[in-house]
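Note that chain A is present in both complexes that follow, paired respectively with chain B and with chain C.
Take a look at the complex of A and B:
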């Protein structure tokens, strides 16, 4: 099989995206770039998701009725709809909304939201809903007395949140947070469906242009596996650190 | 919002087909995935070393990679290599091997086998030791203990978690639209490409999924409630003491 094609010119022809369609070595660079992009959107979405989750959990547990209803509608609906479907809906809706928003605030009226920003926004929005539930459970697991003691000391709400609630709930939340990070890394592959160029999208291009589907999908799989296994190691270290002051059961 | 296309029988048939395919995918891969999960858990808990390692490796790889990548790996990666095997085109299973729906079922089965297997493995480890010792004291063989005590107790313990896994399986079905299986998302995409409506078909699919999730949760809760020994039988226990 290989003999017959060797008569073809050595240099592969240019593909749609300008990469040489020769072999593995030519795709190493793009794949590495894709991996970096995947990590970037995952990290950014995770950070925003944590913020959304904290806000959601506080709203759900708080006394303001309207906020509690909004927060539980957010976390319930987002968790009931398939991620891929949400990502497709939000990618179109989000891009439109963000563009409109930036046009309203911006100067020249022709601002386009990049795929990068949209991918992060969509993943963070989904992540925030799951994070809301993780934080809500973790905050509920804090012994009541600790929060009451903070009140008794006359701490303001923000100080209580920063000095008591967050440090006390963190050990309870960490296993949920690590699960969500692993889910997030795997969910980043979904934005390839809407045409965003991350690791898996690059692997698909490589597979299609070299006709080596097995090889490139295996490479993508192994890369994701390395990311998740490395994350596991980091999180188990972090959990040990966070549980430092906790009584051992 | 324009939902007038819903009355078109042409689109209705696509949505119906997508609906049926979605349920079939969940049922088929849920069933075979559960069997695979039990085997996986058994291999890890009770199997000989090499088998246990193999099962552990399988679980780690599947749980550590995106389902979408697995789907493409099976369908495009392995699916395209299959025709190179001599005589496979003449065999009876060939129609199956060119069917995207089959690869969807295969991928989801393998996925459920790993995720649910991990859940069942954990539950098997948390069955109280005393109960197993009691069974042994009754003179049960180790297979009988496994079949009559260990596994049923483990499944009873992890049933709520398995409910969550089934919901996750349901929610991953739209992925098969990327390999040309007509599911609800693909039906919606067909409507979108023909009517140029961006959101309406997708919102309908989202609504159907929310409804399906509610129904499936209700079904699983009913099973949980009626599972043998699920209710804490306090009164019976205290009357005997």
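Take a look at the complex of A and C:
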């Protein structure tokens, strides 16, 4: 876990004062790689977060008391604790728990948790808590009669969820979902604290190694901005699609 | 009724008078508040039954018991070939009806709501084909043919690709009626289908319901439109505080009501 393998460029002339000869060109590759990694973690965490959020919302709205209490505790606690702290707690607690589990199962030695998987798991766990609230509100905003009509025509619970509840709540949920995505992209920078080489971590390394702090942090900043702007375009398209059934005005 | 396929010749002889809906001793409570206090009623196949009564008398509750949106605590319901007996468990709660029975019943008893309740993310055509395709297992092609037929019947063919939010209330309700028809139900339930409509839109919906009555559809209709109820119904049920206080043909109920409460209700409503 958290292997700090260097993201330094493989090529590049190594002099005694190596960093002086390194420039933007040498770091372009690693930075691009970092950006891709950021996107990969974010996408995976988002998808899992959506699933967790749907389950959380259903549990909170459902009739099974135990599930409602668990979902409630999950969304309350995760939203109350600072994300950075959560990420550190979940990352170290998670790997320790896994190690303990593996030891108990008879596997010797330390368990290596891939930083990639850990980053996704932690971010998805946090996302799921916020998604739970977004979906809960969006489902509550569906006029009761539309769901009742599904019951009245003999839909099973699952079919009602898939064919009516999800598409009918989507227009209500999308603005919240798009906010969460933007927050998530920025939260990926937090997993750099556990040594994971995403965009921010790579930019830090580049800055330290070349002494060009402003350049590399500015590049990172602009890259986040571009990711955000591209996402906004995608989401406004999605919102338009989801709202096709809603009247003008 | 179609449940007599396996019956003996003797039974078949009585088929034509077998009721499409038969309810006996129906009790229903919300918590400790008893809303229906032992309802007995029958509706013949192909007949129109209107349920009238003051607000809060239990009309909607009664109708919602017919497709088990509310579950009675006690009594017996025969509808669309299903027979359901309601009973209390040891703990005093109603024993839940088997889910399969509930779903079977609901695919053959369709409901039209006061607030239309169309699904906003489907087009008009999507709303009308949804149940046939996804619940009844009808092929897409046949479901579309059905939908076109019934949309034509309610005069909404030209709006088939429109979304419900772009339609007037009267148009939405006509689409909702087409959705109900497209399941080819044995019984149709209407809960105040014109109460949410602007006055000038009431007529177009009543005309559609009238044409269904002329086709011999079995319908249960909760309504405040007394003139219309009188005109299309074969039977009127007057509900008062969860009981049927008066019942009979429209002539009986509207002209010679024997119950004093029914007289009061009618004189308060017909100016």
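Keep in mind that, in the parts below, the second predicted complex is superposed on the first by the 211 of 249 C-alpha atoms of A that agree within 3 Å, B and C clash if a C-alpha of one lies under 4 Å from a C-alpha of the other, contacts with A are read in each partner's own complex, and residues count from 1 in each chain.
Note that in this section contacts are C-beta pairs under 8 Å (C-beta built on N, C-alpha and C of every residue); 3 or more make two chains touch, one makes a residue touch a chain.
Here the structure is a predicted model, which means the values were calculated and not measured.
Enquirer: Mind checking the superposed model to see whether chain B and chain C fit together on chain A or clash?
Expert: With chain A aligned, chain B clears chain C, so fit.
Enquirer: Applying the touch criterion given at the start, work out whether A:168 contacts chain B, chain C, both or neither, answering first, second, both or neither.
Expert: Touch partner of A:168: chain C, not chain B.
Enquirer: Considering only the touch criterion stated at the top, classify A:146 as touching first (chain B), second (chain C), both, or neither.
Expert: In the superposition, A:146 contacts chain C only.
Enquirer: Now for A:36: first (chain B), second (chain C), both, or neither, which partner does it touch?
Expert: Neither chain B nor chain C is touched by A:36.
Enquirer: What is the contact status of A:186 with respect to chain B (first) and chain C (second): first, second, both, or neither?
Expert: first
Enquirer: A:218 in the overlay: touching chain B, chain C, both, or neither? Say first, second, both or neither.
Expert: Touch status of A:218: first partner only.
Enquirer: Looking at the overlay, what does A:200 touch: chain B (first), chain C (second), both, or neither?
Expert: first
Enquirer: Going by the contact rule set out at the top, does A:24 touch chain B (first), chain C (second), both, or neither?
Expert: Neither partner.
Enquirer: Using centres of C-alpha atoms, tell me the angle at chain A that chain B and chain C span after the overlay, to the nearest 10°.
Expert: Once the two structures are overlaid, it is 100 degrees.
Enquirer: Once the structures are superposed on A, label A:155 by its partner contacts, choosing first (chain B), second (chain C), both or neither.
Expert: In the superposition, A:155 contacts chain C only.
Enquirer: Under the stated touch criterion, name the partner, chain B or chain C, that contacts more residues in chain A.
Expert: More residues of chain A are touched by B.
Enquirer: For the overlay built on chain A, what is the smallest gap between any CA atom of chain B and any CA atom of chain C, in Å?
Expert: 26
Enquirer: Where on chain A do the contacts with chain B and the contacts with chain C coincide?
Expert: Shared contact residues on chain A: none.
Enquirer: Would you tell me which residues of chain C are touching chain A in their complex?
Expert: Residues of chain C touching chain A: 67, 69, 102-107, 110-111, 113, 115-122, 130-131, 134-135, 163-166, 183.
Enquirer: Spell out the part of chain B that touches chain A in their complex, as residue ranges.
Expert: The contact residues of chain B facing chain A are 60-61, 63-70, 72-73, 76-78, 80-81, 170-175, 177-178, 185, 198-199, 202-203, 205-206, 209-210, 213-214.
Enquirer: Quick one: which bits of chain A touch chain B in the complex? Just the residue numbers, please.
Expert: Residues in contact with chain B: 77, 80-86, 88-89, 92-93, 182, 185-190, 192-193, 200, 203-204, 207, 213-214, 217-218, 220-221, 224-225, 228-229.
Enquirer: Within their complex, state which residues of chain A touch chain C.
Expert: Contacts found on chain A: 143, 145-146, 148-156, 159, 163-164, 167-168, 170, 242, 244-247.
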